Every structure is written in structure tokens, then in C-alpha cells.
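Below, chain A partners chain B and then partners chain C, in two separate complexes.
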Partner chain A sequence: MKFTKTLLATTALTVAAGAATAQDMTVVSWGGAYSKSQLKAYHEPYSAKTGINIINDDSSAEAVAKLRAMNEAGNITWDLVDVEAADAIRLCDEGLAIEIDHDAMLAAAPDGTGASADFGSSIVSSCFIPQIVFSTTVGYRTDMVGAEAPTSICALFDLDKYPGKRSLNKRPLANVEWALLCDGVAKEDIYDVLATPEGQDRALAKLDTIKDQVVWWTAGADTPQLLADGEVVMGSTYNGRLFSAIAEQNQPIGMLWDAQMLDFDGWIVPAGLPEDRQKMVMDYLFFATDTQRLADQAAYISYGPARESSAPLVGNHADLGIAMAPHMPTDPANATNVFVTQYEFWADYRDDIDAKFQAWLAK
Partner chain B sequence: MALVTPISRKPLSLVLPVVGAMGAFLGLFVGTSAGSGMTGVIAGAAIVMVLAFIYTQVLKSEPLAKWISRLGMAAAGFVFGGVPGLILGFLFGWLTAWFTFWMYEGRYRRHLLPYLTSGQVLWHYAFRVICGAIFVFLITPILVVMPLSFNAQDFFTFTPEMLRLDPDGYSLKHYADFFGLRSDSNGEWLRSFWNSLLIAPIATILSVSLGTLAAIGLSQSHVPAKRAIMAILISPMIVPLIISATGMFFFYSSMGNWMEDTLGLNKDLVGYIKVVLAHAVLGIPFVIITVTATLVGFDRSLTRAAANMGADPVTTFFRVQMPLILPGVISGGLFAFITSFDEVVVVMFIGSASQKTLPWQMFLGLREQISPTILAVATILVALSIALLITLEMLRRRSERLRGMSPS
Partner chain C sequence: MTDTSAHQPMIDATGVPLKKSLARSLRREKIRALLLVSPLLLFVLLTFIFPIGSMLFRSVENDIVSNVLPRTVVELQNWDAKSGELPDEAVFAAFVADFVVAVEEKNHTRLGSRLNYESSGMSSLFRKSGRKVAEWNPETDGPFKDKLIAADKNWGNVETWAIIQTHSGKFTNGYFLNAVDMQRTPNGIEMQPENKQILIKLFLRTVKMSLIITGMCILLGYPVAWILANLPNRSANMLMILVLLPFWTSLLVRTSAWKVMLQNQGVINDVLVWLGMVADDARLEIINNQFGTIVAMTHILLPFMILPMYSVMQTIPPSYLRAAKSLGATNWTAFWRVYFPQSVPGIGAGSILVFILAIGYYITPEIVGGTDGVFISNRIAYHISSSLNWGLAAALGAILLAVVLVLYWAYDKIVGIDNVKLG
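Let's look at the complex of A and B:
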């Protein structure tokens, strides 16, 4: 009996090892143009170099819930997951992602600067390996805003000058900051004001002035579709979506960089992976997050590389041939007035403000 | 109907309001597309009433009025809306003139019983209009995606070029994307389509075999706790899918671990087994219900007669019982197939990326990028279903002809 068990276990181990040498790696990301940019900039060169086959799973939107479930079921099927910074912080706190020693595990910049210094403030959590900087910003129909195109974020709240529907994200982030800014709060005071119940009410009161003209979106693709249809005159979305609608699809759309809300997106490695798979993932990460690779991704999508040393290497769009640097949210010309998402603030106040925002929406 | 009721001209006090109502209805469409529905309604009613008055009281000749109406409206449409306006205008003109004289000459009563009251006549036509409207509301959403799938842009939008019927506004690029022929397409669509075509039939075969056996077993009189067993078997249909999916996730995770670690099966194969089994569970209730329903009309003395002739139970099942309950088995199988082919929740929980099915890919495409490739896929699926149904119907008629029955 004991012999049989040992025999079975040995067989299982051998077969499991055999399966592992098939060298598949499941990478979870957001899908669409974003996954395509990762495929071109990271996956294809890495597969060509190592022969490892990368399987794309477009499940990042459910990443937190699925990782929790996988952890409980003891069956981690993902090797590497692309998440927003806020989700990375949550997963790290819950112990669902492994901690990373950025300097030891990732490539240094070409001039020798360590990875953690090169990534700088984008390392918002010890589990997070930053990849891109993106921003939430506002696009508008050039043929529907009259002679004077908007230049300030406060155009969102100016129904007299820019009548018509606008689309906004169905969650408070960015909306409440913009509302307070346009209600006359100085930029450096916004989070102090927003920390008080009166400040939160003030933001909602400002949003209330345009509420009946707002179409609420939940997916990043919604606003470009609404703008293309001419159903809204302006709306917020991610800057890469607007670039795609303007430059790749030639829609009559313009965009603002004023008061853009910067955010980070990057990798986490799920906790509980077997040793060999984790080693494979770290090898991939060393390759895919080096200075050149991050700069390469910008040829396929207009999101800024998270490494400082990548910025000078950003080249031209792969199909259109236009220079991509001026379309990066981090480009100095675009970054004159920016918000950087305050993760600590939102971790503390998210529940309160979310509850108020949802109650206000339902009113 | 051979019935012809004598008809007479109707007074303008009846004709003009009815014709005006139709004008208001047409005006609603034109007005809405031009930006103001209310203006369209009023203008449409007024224009059509004036036209009806001119046709019947000034022109008097019906063929002349009809041609003036068709050509005049077509010309007006062309001025406002180019070629599509010309076609629409012609149709509107044809409809206006035809409807005016149909009302004015009293032809609407021609094929009705002579003694019907005005109220009954009104209901007779209102009923038909309501039935037509139901069809329109059912079918328009399906039809409207078809032209959109030929959009040259990457949005769900009827572009001005498309409305002008300009060939540059149309393209096959979303179909090319589905078939993986475009340089920037990644083959995900075709791969998920093949996954669906692999998973759905196997799950269907499993559901049909198990479901039919369960239904036959449950129809025996000596089975204890029949109702309880039945309730458990059809529970996947009643429990909300998200609940079943969560439970299945944990159950099949452990089962998958066991198959991978103990049996040493390949990870992909295990993934397919898990999804197929889960879909079979979802399909079984449909088979049980349809087969149970056909078994109600099955004459039990036939099995006893077969046994009397020396047939063993297996032969009896395949030669006697099966052919008689086949319609129920087939329709249950069709439901099981559609359940698996349409299913997105369970496969998202249980499957991993290599088992991505078509509905899953469509869901992702809709959430991440509203890509008209989805519309191309929808059009292809609609065409496939129509072809499949027509083939089935032709086969059914053929077999009925061969068996000497006339198709009813």
C-alpha cells in the first residue's frame, strides 16, 4: 500500500515536472489595445528569446476577486497579473501578492541607477512593479464646442458656454477633485478640504450643478464611443483611449491635459506560486520592465513609461510614425497642471466618499 | 377570402384624421432623426393631411395622384438627403397615396364581414398593427447590428458616409479581424470560436445521455423520492447562475488539482474537462424536462409487448422507446447546446485563458473596447443559426415526405 502511494506520488511529480517544462506562462492583463501593446513590446521578444509560450488572460478587471478565490481554493492558475496601483496595494495588504526587492530583482537603468530610484514615486507598494503612467482626462467634440475650444477642466462645469451632455466616471475619484478645483479651492488644499464632511458635500454640490447633464460611464471604452456618436459634448476617460480615437480613428475629438489625474499600472506576482514558476516569472519581469522595453511599449499605446530613464527613449508610433513623446501624460508640456492619485488619502476616505457619492447618484 | 363587401367612399371627416395620424407616425421618425420629434409629428400630420386633401379633392384621378406622390416625395427626399432620401421619399410617397385612397375609397372594408361595426373594424386593424409592432421590436435589434458590422470605423456608429451609402463608409475589416486576417488581429476570436465549437457539442452529448437516462428512470413507478431527486437534478436551472458558478469554482478547483497531481493529466486537458462537465450539469435539466414531457405520452404497454416478443431491455430501449421519444431528446439537446454555447458566467469562473469561449471573448470585447468585431460575430452567428434552422426544417419535411406524411 505504502509502495503504491510512493509510486503514485513519484509518477505525479514526474508528470507535473513534465508539464512545467512545456513552458507556458499565463499573464493576466486588461485586453484590447493595452494587451496588444504588451504583446508587441514584451511578450513577443521574450518568447523569441526564451521559447516560453505566453498565454494572455484578459481578466484584470476581476483580478482582486479571482485572486482571493484562487487563494482559497489553493489553485493559483495565474503567473503574473497586471493591475492598477490601488489594487496592488490591496492585494499586497491581503498577502495575495509577493513582496518585491526592486533593486535586486529588476534591471538597473543604463546609467547604473538602481531600479527603485529609477521608478521613483511610482513604487506605491512593496509588491508593485510599475509599468506605465496613465491619466484620466477630458476629451471633447471639436465640432460641438463652438469657436472657442475648452482649455480648462472647469469647462466640464460650464453649461452656459458648453451646453450638452458630458460623460463622467461612475465613481468619485477625479470627479470630486475637479469639482472642488472648479469651485475655487486652491489645488494644494483640495485633499484637506475633501477630508472633511463639509468639503465632500461641497464637491457633490458642485457636481450637482451638472448632474442632469451627466452620462455616467463604467468602462474606459464608453466615453470614446459616446463622443464618436456625438451623444456627449465632452467626457472623461483614459488618455490612451482619447489618443486612439483622435490619432488612430481620426474622430473630430480634442483633448485637455489640464488637471489630468495621473495613476500607475503595473505587475504583481501572485503569492503561492510553485518555486519554478515564480522563478520563470521573475526572469520575465527582469526582461520586460527594463528601460528599453518600457519605452518600446509607448510605440503602441500612449501611456508613459514608469521609469524615468525610459522617457528619452520613447520613439514613434509603430503604425502611424508620429512621435509619441508629446502624447505622454508625463511630457513636460502636458504635465503643467496634474493631480497624482493620492493612494493613502483614498485608502482612508474611500469608503466614506464612495457611500456619499452613491447616495447622491441615487437621489 | 373570397368575401367581397360592397364599399363606398368615406367622408373627409373620417379620412383626414386617420391619414393625419399616419403622417404623424412617419413624421416622428423623420423629426427624431433631424433632432426634434415633436416638430416632426406636427409637420408630418399637417403635410400628409394637406396632400390627402389635394389627391382626393383636386386631382381626383387616382393613378395620377399616386405617381405625383411617389415622384414628388422622392424628389423632395433627394434634395434633403441624397440617395437614401430618394429611396425613403419614394416609399413615403407610395405609402401616403396608397393609404389615402385605401381609406377614401373605403377599400379597408372590402375583405371584412359586411355587418361589422366601426369599432370591430378598428380593432381588426389595430390587432394587426400590434402584432406587426411586436415583430418589429423583436427583430429590429437583430437587424440593426448587421449594417453596423460593415462599419469602416471602430465605433458602434452609423457614420455620415454610411448614411450616404458611400462605399468608403463600409468595409469588411471587422470580419477580417474575426477570421484573424488583419495584421493587427491576434486570432483570439477564431480560437474562442473553436473552443465553443469543441466544448458545446461534448457537453451536449453528456447532458443528453445522462438527462435522458435520468428522465426514463424517474418515469418508472417504483422509484422512491421521485420528486426530491427531480428537484435536485433540475436545481442548476433554478439556482442563480452566479451561485452555482461560485460553488462549481471551488468544487472543480479541487477536482482539477486532483486530476493534475494524482492522475498527472495535462493542465489544458483538465481545464477542458472541467468546463465540459460544468456545462453538462447546466444542460441536464433542459433534457430531463423535455424528455419527461414526451414520456408522459409514451405507452408503457409497448415495452411489455417488446419483452413479450423476446427483446431484452436494451433492445427495447433503442428499437422501441428511443424512436418514440426522439423529438423530446432532440429539443432537449438543442437547449443544452445553446446553454453551453451562450454561457459566460460559469466559464469565466472555471475556465482559464486557454478555454476562452466565444461569449467570454464577446464579453471582454464589449467591456474593454466597444469593437464592431462583436457585431461581425453576431451577424455570422445569426446567419449560421438561420442556415441551421432552414436545414433542419428541410430535413424534417423530407423525412415526412419519405414517410408518406404531408407536411402540415
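Let's look at the complex of A and C:
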């Protein structure tokens, strides 16, 4: 009797919980200031409009591996995942994300331009719904670089003029491109050179000249911290991290926009979601990736909206009140010398170059 | 009396031979015991052995090629890669037929990334060709040889087909070869080019540094355990808290604390500069290298050494030492000949614990290890979460497991596992 009662009670609870989760949506993102910007610009207005409760899961760093595991277990617990463009390509290749018909599924720009034209080249994979443009660039300690602040990316390799430690990503991306650029390779030839074993050796040889002065970072927060501690003179990181160290925390840090590596971040929808959940996610995406919403996000973080039509709508920082446009990687003044990450190239050569890079690091 | 019992089996009250009834009751006992442990057994099987087994199985599994390209694999068997000639039209037709199905099922990019582990460029070749081939009709649009080569010139490359042929088996030793810096090529098994050889080096470094860390833990932990075991209970408990407190603190917090201590502008360097022991422009490099990893990991793993040592030392009666001394032994002889041998089981248990934990450590080397202080697990993590090359990750994991088992076996032979005591 008692057992039956317990059983009934638990069943009732499960049913109630099931009913509750029907109105819940799990969104996976990077956490920190970035998740906060999404919460303010997308989640809160959407919840107010529809009553759907959005649950944040800060697991984007392990998203690719976890989605693969979920897919194999046949139990997808995430509804929407924020990933870097390179990861979106991987997930699409593995069949772990659904393909998107951007024009049919997403809002058009206010002037009627279709979504795919408005997003333009930021749609790097048919599964990818772009959200922001960010860049990997270099910050430096204004009080440690001497009288003449660096203006070129090649300051990284100039130990005579700017002695001291620098911090670089422990992955080859951006490092090898900058190395070749500063070794005299023309910008448009860099990926052709990098596709050859000799070109890869050449990039590593250039990096070799500063190797004993480099602290290698693995998390985006490392470089701002190392700069703030005075551990390094200069170092690479994401532009939003530098913005918050400079503008929000008033650290004696300056930043370079020269040869910044532009990259995209955006949404993917996991493959294998039940139909009702997928429908809910698509409804959210239609709302959260329209022109106004993308522009709103820029009030909380200095990453540029991926839609062209959003750029004129970018306003001021929500707390500091400063204009955000000049801090965007896509601002014309900042974008005079830009690399756009070559996803196709990196999808092919990432493993190969990474193996060489790690072997070189271990030497 | 003894004679009869030797020839005639002893019989119990019910007339059944005693041996039989004893065996039966023992069996019943065993079944009952088995039933009692069966929930745990089932739990271990389901949550431990099965998942780990299925993960490790990926290190040899390779059915993706023959599943996605079944007809091509069969046709390719008749082709000799060494001839230097492209396969004939039959192979191309079979390939297009397979590929159209694969694109429909969206398997082709997955196969592309699998083959990209063996040869860079396969991933984009499959992705790009997928878009073009999707519109072809395998029945009517042939012949395909020139058409496919026109779609992407890499299909006119003998190497491309040789790679598909080499890796078409259902099972592969390719991942294990990769894990020891070798590779499977159309020309047989070869070493990786020298500038890509890293994994053997990492394995050796992992074992070497784990041994150093274990050694450091013994040196630092032994006196602490000795003091803990020989102090009166009240003060021993106080000291015990000092051992346990870090044990309860988050691993990340402790590792980050070491970062603050050891870095260039960190506490240790600042103090040394202030004392005038090192010059301000020649601060010590004690982080982002092997030294940093050894220091941080020794600290983090120390409780795992102290606790088993302590529990063993507690059981050694102090009267033995007094007896030795009263018989004329010096302090050192009494310690070395009487006390130390009895504490060896504690050292053994602590060493096994620390060594096995150290060999699989990941987060601490990642944070304080720089480039020459990272372990093989950091590479496994990269392949699990970034490159998605789970086959290679599984092979590396299997080798690591084998190394631990071999060392465990060696330990059993040399010291004897019965001599290990956890308390």
C-alpha cells in the first residue's frame, strides 16, 4: 500500500516535472560576461514575451565532445548551443547539428534583405547561425613598452625594441599566421605557404626566435590577468577581454588592432531534438537573431554583431555609457588590416599543424 | 579407525556423504554471498567496465569506411596501389554510387574527418565534393572517372585512393600506431616525420615526472606521518586538520594559489628580491615548467601519501623501538632496522595511490606546466574535446592503462602487493 502510494506520488511528480520542462529551454554558452550579454539582450526579453524559461549552461568549451556523447547515448539534453565557427563546422561535418535554411528560418533585415545576405560571409557552415564577430588580437602594458607604443603586430617578434615576456595561445591558430606575416610573407599568400610542410616549418622557425620569452595561455582570461600582474609585456587574447580590462577595470593596458584575426561565434541546433523542442528553439532563434537583438547585445560586450544591418544600431555601453562602435573589431578604423580565419583551411590542417606545433613546443 | 574413514566416506545424519553435504552448504553460502554483492557487481559492470570497455574499443574500431563506402571498398580490393595507375571506372562508379547515398545520409563529412586524421586535406575534399556529387545520378550520369576528377583534381591523385584502400578494414591498428608516433601508410608501417613525434616523449615524461612526484611525496610525507603517529592524540588531531584542510580545498583553488606563489611577480620571487637574494631583473623561473608541475602536484597529492603512512605507523607499537634501544641499538639502528621495515606497507600503499593518481593528472599540468611540464593526459583531453579523434584518445588511454598495470605487476613482484596496507 505504502509502496503504491510512493509510486503514485513519484509518478505525479515526474509528470509535473515533465510539464514544467516543456516550457524550459536549455541554452549552452560560454559563461561570464558573454552569457550575461545574451541574458540581457536575448533571454530576458524572450522570456518576458513568451513565458518560456531559459536555463543557462556554461559548457560551450566542451560542447563538441559532449554533443557527440549525447548523440551516441541518444539523449540530447541541450536545445541550443553557442559555439565558435570552427566547432560549428566540426559539428556539421559529424552530423551533430541540423542544417539551417537561413532565409526561411530567420528574420529578414528591416529593409527586407534576406537573412543569408544580411549575415553574408559569416555563414561559414550550413549549420551555423552567426551571432557575433570577435577577434584575436594583442594587448600590451602601456607602462612597460617604453616611450613608443607598438603599432604593428610584428612588435610581438621584436625582442630588441620590446624586451620581456609575451603570452600567446597554446594552439597554432593566429600564431602561425602572424609568424609568417612578420617573416615577410604577403598576407594573401599566407595560407598557401602554410599548406606546405616548408611553410609550417618556416612559421615555427619564426616563433622559435621568441620561444623562450613566451608564456603560453589556454584560457582567454589568462592574458588579461598576466598583463594586469605585469607578468608579460604583451600578449594575445580576444578583443572583448581586452576591452573589459581597459574600459571596465581601468588597467594600464593598450591594444593593437593590427592583423587582428576575425572569427565568428554563433548558434547551432543539435541534431536529434524532438519536433516540439526544435520548433521552440527555432522560434527563439527567429527572435534572438534579428537585427535589433544582435545590436542590443553589443551594449554589454565589445563583440560586433554578425548582421550587417545591425551595425548602425549599435549604441552605448549599458553601464559605462561610452559608445561601443569604436571598440568593435569590425569598426572601419579598427579593420584596416584584418585576417579572416580560414575555416576550410583549418578544418583540413588543424590536426597536422597542431601535432607539429605541440612537438615543437615540447622540444 | 583411520583405515575405515579412508575407504568409506563419512556420512552425515541424513545419509548423504559428509563431503557432498559440506560442498552443498558451502555452495549455498557462496551463492548467498554472490547475491549480496551482486548489486555492487552489476553497478561496477554497468557504470565502470562497460563504458570504459566501449571507449577503449574505439581504439581499434574502423567500420566507418566500409559502412559509408561499401561498394567502393569491395571494388578497390582488385586495385593495386603500387601500380601507380588510377583505379578503373568500376571503382569510380561504385564510389559515386556510395557517395550519393552518403551525402543523402550526411555521412560523407564524417568519413572525411576520419580520413583527415591520416592525410590532411581529405576533410575538405569530401565536403567540397559532396556538394557537387549530390546532384548526380549514379545510374545514368556515368562514366564518372573524368567527371569526378573534373569536380576535384585530388580524385585524380593515386594517393587519395591508396589512403581509402589502406584504411578500409573493419578494424585498424592505425590509432595505436599513431599513439606511439608511427603511422600506417599505403607503403606499410612507418615512423611519423620527426617534427610530429611527440607522444612517446610525453609518455616517458609522464612516467618520469610521476615517479619524481611520488619520491618527493615520500620524502616530505614520511616525517609528517611519523610525527602524527607519535604525538599525543590532541595535538595530533590539530596537525591532522592541517593535512586534511588542503585535501578538502578545491583542486583548482590550490593550483591557482601555486600560480600566485610561483609566478615571476609572485610571492616567492618578491620575497627573494626583497631579501636581496636574487636580482630584480633575474627573477627565478619556477612556473610554467616541470619544476612548477612537480611542486604543485607534490603539494596536491601529499595527503594521499601521508594518510596511508599514518594509519600504518599508528599500528607500530612504540615499545618495539624502546626494546631495540634497551638492547643497545643506536637511534638510527633502532629506526632503520626495527621501525622502518614495519612502515614499508604504508609507503607502498601511499606510493601506489600517488603514482597512479599522478600519471593521469590533467588540470594541474595544464595550468602550471607551461610547455615542458604537461602530461600525456593533456594530449588525451585535446583529442577528446577538440580534435574529436576519439580513436587516438582511446588508444592513448589504453596504453596508459597498460603502463599502470605493468608497473603494478612489477610492484607486486618486487615488493609484493600483500605488503600494502591502507590502514
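Just so it is clear, the second predicted complex is superposed on the first by the 342 of 363 C-alpha atoms of A that agree within 3 Å, B and C clash if a C-alpha of one lies under 4 Å from a C-alpha of the other, contacts with A are read in each partner's own complex, and residues count from 1 in each chain.
The rule is short, and it goes like this: contacts are C-beta pairs under 8 Å (C-beta built on N, C-alpha and C of every residue); 3 or more make two chains touch, one makes a residue touch a chain.
Bear in mind that the values here come from a model prediction, so they are computed numbers and not experimental data.
With chain A as the common reference for superposition, the partners chain B and chain C occupy clashing space. In the overlay built on the shared chain, the residue A:R90 is in contact with chain C alone; chain B does not reach it. By the touch criterion stated above, A:G74 is placed in contact with chain B alone, chain C being left untouched. Of the two partner chains placed by superposition, only chain B is touched by A:I55; chain C is not. Of the two partner chains, chain B is the only one that A:G220 touches; chain C does not reach it. Contacts of A:A33 after superposition: chain B is touched, whereas chain C is not reached. Shared-chain residue A:D229: touches chain B and chain C both. By the document's definition of touching, neither partner reaches A:A149: not chain B, not chain C. Of the two partner chains placed by the overlay, neither chain B nor chain C lies in contact with A:A205. Two complexes overlaid on chain A leave one chain C stretch from 186-194, 276-284, 312-320 or 348-356 clashing with chain B, and it is 276-284. Contacts of chain A with chain B, set against its contacts with chain C after fitting on chain A, overlap at residues 61-62, 229. For chain B in complex with chain A, the touching residues are 153-157, 184, 186, 188, 246, 249-250, 253-254, 256-257, 260-267, 348-349, 352-354, 356, 364-365, 367-371. Of all the residues in chain A, the ones that touch chain C in their complex are 61-62, 64-65, 68, 90, 92-95, 165, 170, 197, 201, 215-216, 218, 229-231, 344, 347-352, 354-356, 358-362. Interface of chain C with chain A (complex): residues 106-107, 109-110, 112-113, 116-117, 120-124, 127, 192-193, 195-198, 201-202, 263-265, 288, 366-367, 370-372, 374, 379, 382, 384-390.
By the touch rule above, chain A contacts chain B in their complex via residues 8, 11-12, 14-16, 19, 24, 26, 30-34, 36, 39, 55-59, 61-62, 69-70, 72-75, 77, 219-222, 224-225, 228-229, 249, 251, 319.
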